[in-house]
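Next, two complexes with chain A in common: one pairs it with chain B, the other with chain C.
Presenting the complex of A and B:
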């Protein structure tokens, strides 16, 4: 009798425990926080704390293996005074703006082409995205090989045309195939920056094209029919119907790509390592060189932090834009 | 006559406005892969001879492939990459699915602010954090450990997954959940048994995209790992196949090829999911 009594009571407390937990979790205010715990912990420990630590490091003269002393804004002023940093900052802005503009323009063109129905259109769309999905450093290695000082395939083609021209005019029979060398793609500062932009465009273009394509497919065809009735031509239809319709997606794609291009590290690291003569450094590669090669962690952290102001401007503009979209 | 001319015009117009540009785009976008392949199967004698056409392979050889698989740690790197990518994708999906559900379905104080913070962290690039994160990883005893990547990759994967899944959860009608709850299901039951199964396409998209992002990541892997046997494919191929200043292009291109093939195969199976993950991520 007593045994049964105790037994049923323990069952009751067990039930009470379960129902207590379910009742508490039925409250969305509690459940909301509980579900966010894993994400919150990851973000605080591996983004929030490192970010604050980075700000602190930027204010110290920390070198690998030492605790570092507080030096105020010395790292920042030192960087602003250095030519290498100023070149890197300018390169970052130039590279980002030019590469993003080219990607957006060519990406739009390719998206319009892919929006038609043709034989193998699905396979073509899938194939076109390949540069974007394979590991960037690995595809950049191919660019390094194609832009090689001695064995560049582009220069081989240039030499081949040069040779054709000469034999066409019947001037000379050359002993050495390869009379002209072609540009030193990665050895000349201007060509090197151009090469980096070219490789970045190659990789990022598919992202623009496929995102724009997805947006194009949401434009109702009635709008084009209406424009046809009004007598609009291809370009006019594009400017007055297509562009306004896909603008919301286009803005987000451009911002997203801008941020990623702005913080790019891999291309420069593989293609030039910042050379020749530190002329192609971006902020990210300079921060890497300062911190990991020179061991000057404080200065490296300060250099990386210089990315923040522009990123913040972009983020704030983006949030404001999204909010306005939300209101509409 | 006039009819013929009209047809001829539209045909030639189509050729110049459509087919030629499209062909050029596809050619340029795919040429580097072709180059990867033929470089990896040429003999050194051919590779380093400037007098012969580089477009032909006269004497195909698998020596570079054999060297890559037998004499380097490539297989180990591929295994490391796979392990890290699976683990970090798993963690990110777990945190992302729960967080995405909370932020899209539940009303609680601070949810808007938290969404905005997720969006901001989504845009924080690894280049901004890698220097202090190196310190955090040493502090946690994870320096030169693959676990350091398993924990650091979610920093960019979790915000991405949450952002993508918020959008996906919003497309699932609330009524389904409400019906289940009227029938006596708790919130958690409704979430796990009704909403999550319906969200599987979205979860798959987020997972595929997160997996490729982790497979391709370079900066953290470069900075956190130092032993050759711990490296991932991108870091191993670029770091260990270059001796001093000498580039061995045959094995390097073989490494680039075989580092890209797994991801290309996965992509070919899940093109639609990958694309919807990618476009979903920017639709906001």
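Presenting the complex of A and C:
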């Protein structure tokens, strides 16, 4: 009897505990915060802490192996006075704007093509994603080989065209242009910038194409029927129906890609390391060089932080646009 | 404002035929309704007239012009879609004027036409809104407005009311009829709702399985259906079909239901039915011609008794369901005259309104 009595008491306490926790968690205001904790911790540990550490380092003269002293905004003023930094900042803006514009235009074109029905269209859509799936480091190594000063496959093709025999109407034309070396893709400042833009476009295009394709597929076909009857031809349909319909998605994709491209590092680092003569240095590669190669962590952090205000403006503009769309 | 002529029109999707040889002449300013169950080819036919669907074989003329290979924009037609198909990023005004702007009509002219159409449709105060801010009925009006401003040779409607709730649908139905009376033009209207077809059409075209079953004015379709399909499709509730046998009965003919009920065939139909004596046929009778026992107003009305199985009160009438010859049969009776389920009730059938159907060909004899 006694045993059973004790048993039932402990069961009661157990029940009391559970119901206490349940009551607290039943309250949606509490539960909401409880559910936020894991994500919040992840953000604090992996984003918040490194970010704040970066901000702190940017305000110190920390060199590898020393604690570093607070120097205020000295790192920033020093950077603004440095030629390399100004070149890198301009390069970053140029690289980002040109690469994003090309990706957006080609991505839209590709999406419109992929939106048509043709043989193996599903397989093609999947294949288009490949550059995006391959790890950047690996695919960039392939680019490095293709753009190599001596073994570039592009130059090999150019040479082949040069040596081509053209036979037509019974005449054989053999033009001799002499020996052509082809451009030094990564060794010439202008070609180097073109090369990193080309590789970046190749890598980023699938993201644009697939996102635009997804957006295109949400446009009701009846709208095109209506446009047909209203008298719109192909280009006008695209301009007056397709583009406005996918604009919200397009804006998000472009801004997102802008941010990613702005902070691009791997591609440039593998292809050119910022060279030749700093002509392809971006803020990200410069920051890396300053902190890792020079060991000047404070200056490197300051350099990386310069990206923040620019990107912030872009993101604020995007949010404002999305909010306006929501109101409409 | 032109005649539309369909000549031996065919449409196949791969191996699947959708439209299998349609001949139809739609007169100038006529309101023609294509009606039929889903998949009967009515929408495909309409889209071929619009130019949104390629024609597999046959010819389409609008006015005197063969338009088989003319793109939709040059056919001078306007279309109202089931989901309205309004451009969500344009205001009502921009939606309505889009077609005119593409055709480079002068700004002043556009303004006059849009305002005029808006006035006809009672949407003048909505012109600056976007489709999202409109109710279903208002969107429907804008879709019609977009068609009206174009002042086309023909209006094509593709199930325009099927997205509206029941009450609004009835309202808009009247509205469409009113607009057609005001804006005289040729209309081809597709619906699966036979009530809509009956109430709107000058002529109804009943389609089934890619062919035209019957064409005619609404009342004629109701009174004299030519096939079992049309008989069953037009009219609500649908016509009852009861298996029966045609027999001789003294001098005249009579219809024997398998339950032993014996109904006398009206004298004037005897000649028509004589060749089919002793055959198994189907008796078609509409619920409204099968009522509670009434005083006969003509000699063709006959009485018989049957057990009531289910009642469905509609207010003005009560639908009485019973079983005759293993088939559920519906009668339309006055609410105060119906018996409870299980009880036997006497019904009056008006044999003048009956149809006899040959089950081997599904045609009305």
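A few comments on the model shown:
Rule of thumb we're sticking to: the second predicted complex is superposed on the first by the 311 of 328 C-alpha atoms of A that agree within 3 Å, B and C clash if a C-alpha of one lies under 4 Å from a C-alpha of the other, contacts with A are read in each partner's own complex, and residues count from 1 in each chain.
Going forward, a contact is a pair of C-beta atoms (placed from the backbone, for glycine too) under 8 Å apart; a residue touches a chain by one contact, two chains touch by 3 or more.
These numbers were taken from a predicted model, which means no experiment stands behind them.
When both complexes are overlaid on chain A, chain B and chain C end up sitting side by side without clashing.
Once the two complexes are laid over each other on the shared chain, residue contacts for A:238 go to neither chain B nor chain C. Shared-chain residue A:53: touches chain B; no touch with chain C.
When both complexes are overlaid on chain A, the residue A:220 reaches chain C alone and has no touch with chain B. Contacts of A:228 after superposition: chain C is touched, whereas chain B is not reached. After overlaying the two complexes on the shared chain, residue contacts for A:146 are found with chain B alone; chain C is out of touch.
A count of residues in chain A touched by chain B and by chain C gives the higher number to B. Between the C-alpha centres of chain B and chain C, as seen from that of chain A in the superposed arrangement, lies an angle of 80 degrees, given as a multiple of 10. Closest contact between chain B and chain C, by C-alpha atoms in the overlaid model: 10 Å. Chain B contributes residues 18, 21-22, 25-26, 28-30, 32-33, 35-36, 39, 47-48, 50-51, 53-54, 91, 94-96, 98-99, 101-103, 106-109, 111, 114, 116-121, 123-133, 135-136, 151-152, 154-155, 158-159, 162, 186-188, 212, 215-216, 218-219, 222-223, 233-235, 237-238, 247, 249, 252-253, 255-256, 259-260, 263-264, 267-268, 271, 274-275, 278-279, 281-284 to its touches with chain A in the complex. Residue ranges on chain A touching chain B, taken from their complex, read 22, 25-26, 28-29, 31-33, 35-36, 38-39, 42-43, 45-47, 49-51, 53-54, 57, 106, 109-110, 113-114, 116, 118, 124, 126-131, 133-139, 141-146, 150-151, 153, 156, 177-178, 202, 205-207, 210-211, 214-215, 249, 252-253, 256, 259-260, 262-266, 269-270, 283-284, 287-288, 291-292, 297, 300-301, 304-305, 307-308, 311, 314-315, 318-319, 322.
Residues 220, 222-223, 225-233, 236, 240-241, 244-245, 247, 328 of chain A touch chain C in their complex.
Chain C makes touch with chain A in their complex at residues 47, 50-52, 71-73, 77-79, 81-83, 85-89, 98-99, 102-103, 130, 132, 146.
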